[in-house]
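These notes open a run of structures that come right after.
Below are two complexes that have subunit A in common, paired first with subunit B and then with subunit C.
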Partner chain A sequence: MYIIITGLLLGGSYALIAMGLNLQYGVARIMNLANGEMLVAGGFVAFWLYTTAELSPFLSIFLLAPVVFALNWLIYRIMLLPLVRRAKTRGQLEVDSILATFGLSFVAVGLMLAVFGGDYFSYSYLARSVPIAGDTFALNRVSAFIGAAILCGLVYLWLNRSRVGLSLRAVAVAPESARLVGIDVAQRSALAFGLGGAITAMGGALVSSYLTLDASTGVIFTLKALIVVIMGGVGDVRGTIVAALMLGILETFVATVIDPGLTLAAAYGLFILILLFRPQGLFGRASA
Partner chain B sequence: MKRRSVLRLGAAALAAPAIIPGRAFANDPIRIGAVAPKTGPLAGGAAVSHWPNIALWSSQVNERGGLNVGGTMRPVEIIEYDDQTNPGETIRAVERLANQDNVDFILAPYGTGLNIAAAPLMDRFGYPQITSTCITDQVVDLSGQFSNMFFLLGGATGLAEGIVSVLAGMRDAGQIGGNVAMVNVADAFGIELAAAGRPALEAAGFNLVYDSSYPLGTQDLSPVMRGAKDAAPDAFIGFSYPPDTFGLTEQAQIEELEVGAFYTAVGASFPAYAGRFGPAVNNILGAGGVNATSEAFQAYAAAHTEVAGQAPDFWASAMMYASLQILEAAIETVGADREAVSAHLKETTFDTVNGPVTFDEHNNNPEYWTVGQWQDGLFRGVASTGREGAVDAVVKDGWT
Partner chain C sequence: MNLSRDDIPALAFSALLLGLAAMLPLTGSSYWMGIGLSIAMFTVLSTSWALFSGPTHYISLATAAFFGLGTYTVGLGFESLPFWLLIIIAAAIGAALAGIVGLATLRLSGVYFVIFTLGLAELVRQLTTWVQNLTGQRGFYVLTDIGETEIYLMLVGLAALVFLTGWLIGRSRLGFALRIIGDDEEVARHSGINTARAKVLLFMVSGLVAAATGAILAPRYVYIEPSLAFSPILSFQVVIMALLGGPGRLWGPLVGVIPFTFLWEAISSSFPNQTTLVLGIAFLVIVYALPRGFVGLIEDGRHRLRAREGYA
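Let's look at the complex of A and B:
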């Protein structure tokens, strides 16, 4: 029971980290390597608001979301759209966008160093224990998990129940055909990219309540997000959530029952197994 | 191509006046290279312990007119490179500083691995390397191979034995029992300290009830702390790095780990650590320490806060500053001559913020702090290999 709950809590963090990247990669077709930096930036802002104005990270995400959405929307329109227009194939766009966002990640690290400095930033928020099913858990992790569940639920509902969501899914499945039925692909992609960035930054704000971050930690989160997205299947929200929870439970299981030193090995082992037997990801469609 | 050569000509023309002989040689700066992480995994630590001291020292030196080299006051000019916590980049930057920037001195890089990576080149170019963050048990080998490499912060065995001796003292005083839980980060530093800690604990008659490692960058340390708690230890030792130092402490707080002694390694002496955990930090033990109430440290901390806008940590910061004080004293005594500075380092006692420092025959500073403890808002040294000002360790009583 302890393993399951701890694993779910960890998986919730992974889902938060990966959800934004899934939208950006699945719909906008941008493999955003600066994803982790956006997460750290969100964490920075939450830290700053908490230490200066005592604003809870659960409130600062509402301030953060529109600003980061606008920022990412602009990044897409200005920096990435020319790449999309230029790319003849999906493969070429992937290579171009990986290179471009790789560069962007350095710019982001540099900007954060200039603005916030290189120091660790961490604060204590809801660092209390809550009893669940006879065990004690960290309240900040539990709250972030609830936040993650709400966020993922909303994204899932929105994608599957709304008209805009439908068009986003259409773009994810077949960008060329989507254009034929009157969907403005560039505009929808910018929307997905901005939204993905906003979700990532909100995730950063939530995880900053229990993780210690600094300007250079972004790449760790990018890698984790990448694994989760690829395991879950590109462009499928359910896949991301399931993969994130699987990873969380597996890591906790290995750490508790076998040895904490083997968590990384177990995570990458699972990753390799999935790549071997389901290369398109758990919920992904086989590419035509 | 053409435009670039025009630019180059222009730059040469602009630079020309500076190299006309006889012009203002008196105020020629002493050029000093600095290479350390500004990005990458060690950037957070370097931003606390390394870079602010360089800014502080250079501003202090230049404020009083510069270094007194043979009667002329020469300001210092710092040339900084970011090595991205990548040993390859450290080496490249050292090469560049030596060959292209032609600096007079190069400050030792940050961290054990990066210092060892830079050592062969520093040695080949003849630069003294006064390390202040290089913790290793290979001092004898390294200084035998690289005669200009100096060590200030101590060795892994010294640090590990320091905490064991503190625990033994507390146990012999009847303050804690004999069961110890030990975890370490699976990285060079943590592995080396744990390897030194195991035999030391055994020799001191402790019972190791939990012994585990976790990968660098582990995001959820609750299984680790959980395992430690289930073993019901009387003392907890974590040979940890900054992100997990914070993580282990928070998890111990949440799990309400009831131990009389709680120790984490790198990061426990950071002001941000006290800032995060507030009063719960009281009586937490950590690696390092300083004579926090000494006049020299207090004056240093005040100047550091004023110039760098942040307080120094209570361990490596002061040692980094001490390395700059040592370099300064050596240059002022024997001039900006690298060979003479290295020779001088080996035969002199230097007055630093941490008290007098004399290097032994292996270029090692044998007297260093090994364990500190948060007591009433200060991280005070409780154990050392011969420093003055140690206070008694206090039993930790709860997490509030």
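Let's look at the complex of A and C:
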């Protein structure tokens, strides 16, 4: 029971982070390998605002979101759109965008190392315990989970109920046809990319309230988010959430029962099973 | 085997260059020996990487995993088995791991493959650390009487083998199949090519070579531990060097390895904290300024020269 609840709490944050990546990959068609760095940057800002101005991470995400959105929007417009235009095939775009976002992620790590140094950073926020179902859990984990759940819910509603959300889903399904019904695909892709980055950075701010981060941990989160996205199905919000919770529980199980150093190995085990048995994602349909 | 008129001078020229490379230890300078070792190591790794990734456009980020397995094989067995046997065992392990990874991921889209290989080194590192913790080990010493000169000569020999293999593959049905896969996988499948088999085979070749390279270099490290042997930066260096040179030609990666090794040497000695930044900028330069690498520049230049002379 303890494992399941801790796992769910962790999975909530994973869901938020992976949702950001899913928007970027599902709609904008960019496999963004610099996603984890966006998360670490979000965590850095939350840490910095908390230690200097005592601003709660739950408030700093509101400051963070518009800035990161603008940054990612610019990255898409300036760096990635030329690649989209240049690419003759989807495969070509994938190779180019992987290399470009890789470059971006290394540059980001390099800059963060230069600015903040290579130390781990953590702060204690809401480090009290709350009892749930007979066990006690840290309040910061619980509140981060609630924050992530609210944000996930908002994104889900927005995608499914609003007109802009509808057009984003249209681009995700068929970019060529979306253009024919009057959707500006480049503009919508930039929107999705910016939004995805902002969601991931907010996830980073929430995660930083209970996990220790350092400048180079981004890639681990990128990997986990990628695994969650593939498991849940590209462009599938519901699948992403289920997959993230599963990953959270599995990781907590492996960390408590076998060895805390094996969390990535556990994620990979899950990844292999998915690739072997359901490469189209948990709820996905086989593509033609 | 039938050799065309152009092949014989090309082969002779390559043999001459290899012979020259093998003379390097005669200079007796330890600085040049160090640089030579790095160049030889990355030539082997990048060229074998490009054998697979060049024609297929599948980017593998797993070099460090294979390399680390190679060093570990030697580290575990150097006291009981002869060194040459360990290199062969390491190569076999590398090929087997590449085969497993290839079978699991290469039947699917390229993105899955990239993601999988990205974490492979970390995965193997976690598993090795775990096993070592169970047995109460941290790392171990590799004390042999194999010096830098022997390592260097073995690497040059391995490079010769890799180039020869690449040249033979390029002329074979397998190489032809791979080029078709790279152009259009759908077409390849429809014309009766077993695409998964071709890709897995080639990936196994590059895994094998990387593991053998790791085994050869193990004596140089003296002390081996997981975070050293499976350092992920190696995978990225290999990819950058190969792409910088141009993975479309057999000799392409070599053109990238030499300048990048000097650059890397200079940067890591004077700005050791900025190496990640340099890697990032190198990636961006490749994507935006040199999409076909130096080879692309050279070929464009040649083309223009010919056009000016009125041949094109």
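Operating definition for what follows: the second predicted complex is superposed on the first by the 272 of 288 C-alpha atoms of A that agree within 3 Å, B and C clash if a C-alpha of one lies under 4 Å from a C-alpha of the other, contacts with A are read in each partner's own complex, and residues count from 1 in each chain.
Note that a residue touches a chain if its C-beta (ideal position, glycine included) is under 8 Å from a C-beta of that chain, and two chains touch if they have at least 3 such contacts.
Nothing here was measured: the structure is a model prediction, and the numbers come from that model.
Colleague: Regarding the shared-chain residue A:Arg128, is it in contact with subunit B (first), subunit C (second), both, or neither?
Modeller: In the superposition, A:Arg128 touches subunit B alone.
Colleague: According to the stated criteria, A:Ala174 is in contact with first (subunit B), second (subunit C), both, or neither; which is it?
Modeller: A:Ala174 contacts neither subunit B nor subunit C.
Colleague: Just to be sure I read the superposition right, which of the two partners does A:Val109 touch: subunit B = first, subunit C = second, or both, or neither?
Modeller: A:Val109: touches subunit B and subunit C.
Colleague: A:Val67 contacts which: subunit B (first), subunit C (second), both, neither?
Modeller: Neither partner.
Colleague: Look at A:Gly261 in the shared chain and tell me whether it touches subunit B only, subunit C only, both, or neither; answer first, second, both or neither.
Modeller: both
Colleague: Between subunit B (first) and subunit C (second), which does A:Thr252 come into contact with in this model arrangement: first, second, both, or neither?
Modeller: first
Colleague: Output check: A:Ala53 vs subunit B and subunit C. Expected answer is one of first, second, both, neither. What do you get?
Modeller: Neither partner.
Colleague: Which subunit A residues come up in both lists, the one for subunit B and the one for subunit C?
Modeller: On subunit A, the residues that contact subunit B in one structure and subunit C in the other are 109-110, 113, 216, 220, 259, 261, 263-264.
Colleague: Which residues, counting only subunit A, touch subunit B once they are in their complex?
Modeller: Subunit A reaches subunit B through residues 2, 6, 9-10, 13, 109-110, 113, 117-124, 127-129, 136-139, 141, 210-217, 220, 224, 248, 251-252, 255-256, 259-261, 263-264.
Colleague: Taking the complex as given, what residues does subunit B use to touch subunit A?
Modeller: Residue positions touching the partner: 37-41, 43-44, 46-48, 51, 85, 183, 186, 212-215, 217-220, 222-224, 226-227, 242-243, 246-247, 250-251, 253-256, 267, 270, 272, 275-278, 310.
Colleague: Provide the residue numbers of subunit A that touch subunit C in the complex, in ascending order.
Modeller: Checking each residue of subunit A against subunit C gives 31, 33, 82-83, 91-92, 94-96, 98-100, 102-111, 113-114, 216, 219-220, 223, 226-227, 230, 259, 261-265, 268, 271-272, 275-276, 279.
Colleague: Please give the residue numbers of subunit C that touch subunit A in the complex, ascending.
Modeller: Contact set of subunit C toward subunit A: 57, 59, 104-105, 108, 110-112, 114-116, 118-119, 122-123, 126-127, 129-130, 133, 232, 236, 243, 273-274, 276-284, 286-288, 291.
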